[in-house]
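There's a structure below that I have some questions on.
Per-chain residue numbering starts at 1, and chain names A, B, C and D are given in the order in which the chains are listed.
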Amino acid sequence: MKERFIESYQAVRRYTESLCSPLEIEDYVVQSIEDVSPPKWHLAHTTWFFETFILIAQLKKYRLFHPEFHYLFNSYYQTLGNFHPRIKRGVLSRPTVKMIYDYRKYVDQHILNYIQNISEIDFNELQRLLILGLHHEQQHQELLLMDIKHNFSINPDFHFYPINNGIQKAENPITMEFTFVEGGVVNIGHPGLDFCFDNESPQHQQLISPYLIATRLVTNAEYEEFVNADGYKKPRYWLSDAWECIQKQGWEAPLYWKKINNKWYEFTLAGMKELDPFTPVSHLSYFEADAYARWCNKRLPSEAEWENYVITNSFSIRQGNFLENGYYHPLPAASKTPQQFFGDLWEWTASAYLPYPGYKATAGSLGEYNGKFMNNQFVLKGGSCITPQNHIRATYRNFFQPDKRWQFSGIRLASNIE
Amino acid sequence: MKERFIESYQAVRRYTESLCSPLEIEDYVVQSIEDVSPPKWHLAHTTWFFETFILIAQLKKYRLFHPEFHYLFNSYYQTLGNFHPRIKRGVLSRPTVKMIYDYRKYVDQHILNYIQNISEIDFNELQRLLILGLHHEQQHQELLLMDIKHNFSINPDFHFYPINNGIQKAENPITMEFTFVEGGVVNIGHPGLDFCFDNESPQHQQLISPYLIATRLVTNAEYEEFVNADGYKKPRYWLSDAWECIQKQGWEAPLYWKKINNKWYEFTLAGMKELDPFTPVSHLSYFEADAYARWCNKRLPSEAEWENYVITNSFSIRQGNFLENGYYHPLPAASKTPQQFFGDLWEWTASAYLPYPGYKATAGSLGEYNGKFMNNQFVLKGGSCITPQNHIRATYRNFFQPDKRWQFSGIRLASNIE
Amino acid sequence: MKERFIESYQAVRRYTESLCSPLEIEDYVVQSIEDVSPPKWHLAHTTWFFETFILIAQLKKYRLFHPEFHYLFNSYYQTLGNFHPRIKRGVLSRPTVKMIYDYRKYVDQHILNYIQNISEIDFNELQRLLILGLHHEQQHQELLLMDIKHNFSINPDFHFYPINNGIQKAENPITMEFTFVEGGVVNIGHPGLDFCFDNESPQHQQLISPYLIATRLVTNAEYEEFVNADGYKKPRYWLSDAWECIQKQGWEAPLYWKKINNKWYEFTLAGMKELDPFTPVSHLSYFEADAYARWCNKRLPSEAEWENYVITNSFSIRQGNFLENGYYHPLPAASKTPQQFFGDLWEWTASAYLPYPGYKATAGSLGEYNGKFMNNQFVLKGGSCITPQNHIRATYRNFFQPDKRWQFSGIRLASNIE
Amino acid sequence: MKERFIESYQAVRRYTESLCSPLEIEDYVVQSIEDVSPPKWHLAHTTWFFETFILIAQLKKYRLFHPEFHYLFNSYYQTLGNFHPRIKRGVLSRPTVKMIYDYRKYVDQHILNYIQNISEIDFNELQRLLILGLHHEQQHQELLLMDIKHNFSINPDFHFYPINNGIQKAENPITMEFTFVEGGVVNIGHPGLDFCFDNESPQHQQLISPYLIATRLVTNAEYEEFVNADGYKKPRYWLSDAWECIQKQGWEAPLYWKKINNKWYEFTLAGMKELDPFTPVSHLSYFEADAYARWCNKRLPSEAEWENYVITNSFSIRQGNFLENGYYHPLPAASKTPQQFFGDLWEWTASAYLPYPGYKATAGSLGEYNGKFMNNQFVLKGGSCITPQNHIRATYRNFFQPDKRWQFSGIRLASNIE
């Protein structure tokens, strides 16, 4: 039991570092926008998480690696005291990258010692927390690539991040079809034996009307039609806040699209690439996903619709295009079979991120992990091409504010039965 | 049929003006914060609504009262063209108050002529639009008092708005009890024969678990306990955005509370009054309502819970404390019987303001009326002491962003069955 | 002595009110931008000045007209305590216009009583303060018209302010010539017997090199050449802060210019008028005056150059186009004779508004009147078409920040001797 | 001639790099506030200056090191085209530090080749530009230390910059005395044979009244009295903009002062140090210098007073505490003799930074070097402990906006003869 966990622990921790191995030291430091954190901050914060919620909480004699790290690397846990302002994470040149790697080693060593020295019974009690720490680390693996991509995009000609070049482009478009789903009273949320985040609980029942759900994600070519039809210039497709947002930000296309000599290009982790028509459109905000759906007389699925369909049809997580593939980019649909539910892109739902009936936040400071963000966010499902495969499940609830688009997010359409 | 409508039309239009009759001319002009509009703007905008959606839309020969009013008094209908920025409504000294009253007369005359000159059949078709115009006017009656109150609050010693002084204060507190409700599959939304806003449709079914709902609203005395317990200083009760909001705005109590010589006072339309302990606490944001509920280990009811309970128990709108009472302030609960569902204060629900399954926005520009606000807002139910009585119903969905608190809003608690 | 003063007092106070007589009550209330104050605020503030610095300071038994007026109508005297924020002067509907006129009457009555009841000796001591109050009131007469003009400009079709229509337009341009001035050691500043503001003192000597100064102000036609030459689009003519300002504000021409059907119009107090080519260009910021001068290889005169030239040549104030003319607009030059030094437009100088050597601010709170603004402002000389004639003199130092342009300001060019 | 220049060139360029040698790579990247630039930006920008104004301007066949560097490392030369926004200099991780050092080598090599290949006559013509480039580099040597200090101050416990530890603290205070200066008609500005910046020209005459000037700079102990006397809380000492600034920024003491356990400490390049009473107070804004002078009934000297006194008394630059000392901190006065005019701290003058009579900006884009900043800045004189010794002279005009205080600036008092 312990041994298997130790293996997982080391694998996850090492994987995080491997994602940073292509970086120059300078790349670890910068923060291109407030949403983004410097890579070295992620490396430290995930370590702080283990230090704070395990070592400090459990070990009376534990000696802090550095007394100021608690201030510097607490992300948002107000009940743990003041912390360095998020917007200023990029002005800290020190602690150096080297010191942060030392911090990781120090904490890892203490964690492993601790595990080895406790009884199996104590370990069992602790395990939930340790697993939470690893899932937390995996979330930051995804954030690392999101943030590196955004940082690199500021100055695109100077960066190159190595990717798996084996992507096969589709020759022809795959028709988007819509599958009829019966609905009814369905179970939503996590049944509770294995690990899940508190926001996936409790499992409960919802009543869903019959609906149609698309067999694949919306492609670049399809979204480009919306752009070409002046979709970003016509207020009738947009929510009021969305319209204000696109005016203020000057949005005219998805985040990483750029028109060069009248041709669309897309910034990827491997640099600027010509836009591939049959690849799913990515880096969309909820505002854009919602406007696009309205433009084509469809709608986004609700969270319950998405989750019910995916669970009922037992889609396998194994088939998805995840982080481990090393593409760091969504892949085109391969056939008309319903697909792309797991991996590729997070799928915006029409559901507000709110507590499930009977939700209880985790006790103590960890209650701030998910529960305090339950307003002005929409739920996304399914994971993306930069999500670790063993991190996701059908009941997983990701959430972003409706104007955010630096995450790998796309559109699956749904529709009512008329 | 026509005659009854004409009577209603004149009554509603006159009532709006009567609400302004205590104002000095200066009071018609100012805009204390962006949310507020100058009273004269409300008088003109409601008139513009009839002019635009009826006279201009139906009558080829209609002559505009003034060519610039379309720009000045369009509120937010992007599909009708540019309009004067909301934030600058208070910098327009002209058109004068007198000119706006002339505008009202002019449009009323044309509306009445038009009604009298069309056939009963044509009138029947038109009636839905006319009734929408009247309900729109009634919404602005409420906004007028909200806005006048806020404008007056800036400089409280100089203002007095006449109110019905017959309010009887409660001598003793009434215990708050919780009623058990069975839940099940219930009908939510408007069945559709009578008038309703598009956002109340379509009626559909939801599955609700059993729950408890409070017999009355939370009082000033109860909320003061939260304030005294340093509720505004402890992050654990607050959503993340809420905590940021109260830090930034310096909130320490509800909007109109003011401590003078160590005693709480409350600004009302009739001036500053000592805080009455047994009167419902009002002018709370969702953030505050949610934090208070968390502090006392309860929660806010969902929209479906509220609506189901109210419809199942046939609470009568007649009993409510509405605008026509002239109190312009909530009244204390009178007994332990479940009460205060209609009137007194809008009740925050835990439900995001989102479209019902199958929702279709009204066609054309009127589709902007409700549909485009469906993000980052929470639903409020039941109307308030400044809502016209015949404007409200159980399925009515009011909505505000979670940080707004100049509306007359309060808290009814709910709870799960453990 | 007393009697003559009382006459002046009444004349000045009445004149202020006469400037407001064309206003509707609504016009008294609004504040179109932070720089502008509502007309009723000016009426009250000038009265507060007499109340504060004379009645309260001198009369132990004086009863305040209203206890909150001290907070509401203190402009910027920090040493007198907190005051209502400048930016929010336009959100106060009360005190009403009528109440403010009553305030004026009340204070006037007390001032006049007081003067009548003191000895001639005491009066002589007091007179300097009283005269300061009247000059202060005259400054606000100018501000009133500046502010009314700006308020009206927001919504130009709805306003009309009556002006003297006798303006004669020039048929032909008058050549701009440059007069040689010897310079040398000259006296600058006020010699000190009559009234002057503290910032005009002490008189002192400066050494000036020979220079050339233009015979008249720059005209609309001349400035239009700069606009047509893309002057607003070429950074080389602009100071760094100026370039940032015009980018941010989107300036493309002087404040009140508007192109309609490819023709320039200018907003005046009497409404939108076709731009008159030979009238002096007005409502320019220092940034624009400086850029224009650079564009035509000239420069602005220094304060000392302007003052020396005007004093040496004994230009008469009597000839100027001042407030009393009722044109409220500059007039074209009439001949090649040096002219337009007094009245028409305030002339930007190249001199920073700084203390003269040996400057001492008035003792007490009145020391805040002028002294605390001595950074980031440039001096303007000569008065304008809305300055009261008996308010101005050659040593008078007006000052504005370099980006302000709602004042009646223009350009007189100067040049070095090469 | 050439050889001596080449030596200087190499010495200056090498010195810049030596100032960065104590930095970690991470330290090269960050920008703690908008005023500050990342060290690697300084290294690149000074190189860009030589590349742009010499290599590109003179050599047709010159091949750019990298085509985007013109965009990235142009500081503020609008006439040379768009450039990367100043505020975002800290979000660029690339080009890496290594690449920038390569850039320096590349440009240096081309500059040296170029010099070696041209005739002595051509070299003579070019020399002024080359020397300008070196002085420009020296200005950035000072900026480098200013910026490194500010960057380090954000996170003080993690940084250490090596300094010369030989500073001797004074045991006793030295009395501040005031020297009488006659004034009269004096020469101001650079006579013009040697190198100077365009803003020091032309030399011209000014008339100065007799005045008193302090023998030394104001010390920490003296300034602390002002702080202890609630100087930062009393509006009467402050300019209006200054008062607004200290309210908004929450200033309560000089930039780098910090109270720990009721004792003042000061952040230095070598870390946090207990405040030394007899060392000159540093890192003051003009606003603070001006307020302090007013508080003690003195004033700041004008630029002409300072310059006249220093030139008349032939103070030697050799005696100053400059960059080469390696203290990077001002030294206490050593005796009552007038001193500290050169080095130690830049001294705020009461003079606005404006063109001298007859000033002509350098032709072409280099005209943007100094001329376009001539508004809202005050002149500072004499150099500081981080100014290269051979960079300064009595006529040198440094300038900062009145609210800036990350430069090494202090106070020398002056006074009128009463």
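Everything below uses one rule, namely that contacts are C-beta pairs under 8 Å (C-beta built on N, C-alpha and C of every residue); 3 or more make two chains touch, one makes a residue touch a chain.
Computed from a predicted structure; not experimentally measured.
**Student:** Please flag the chain sitting at the greatest distance from chain D, going by CA centroids.
**Tutor:** B
**Student:** Measure off the straight-line distance from the CA centroid of chain B to the CA centroid of chain C, and report it in whole Å.
**Tutor:** 47
**Student:** Could you work out how far the Cα centre of chain C sits from that of chain D, in whole Å?
**Tutor:** That pair's centroid distance is 38 Å.
**Student:** Let me have the rounded angstrom distance from the C-alpha centre of chain A over to the C-alpha centre of chain C, please.
**Tutor:** Centres of chain A and chain C (C-alpha means) sit 59 Å apart.
**Student:** Scan chain B for residues touching two or more other chains and write them down.
**Tutor:** none
**Student:** So which chains end up touching which?
**Tutor:** In this structure, the chains touch in these pairs: A-B, A-D, B-C, C-D.
**Student:** If you look only at chain D, which of its residues touch chain C in the complex?
**Tutor:** Against chain C, the touching part of chain D is residues 76, 78-79, 185, 204-207, 209, 235-236, 238-243, 286, 302, 350-352, 354-355, 357-358, 367-368, 372-376, 378, 402, 416.
**Student:** Using the touch rule from the top, collect the residues of chain C that touch chain B in their complex.
**Tutor:** 24-32, 40, 68, 72, 88, 90-97, 151, 154-155, 157-159
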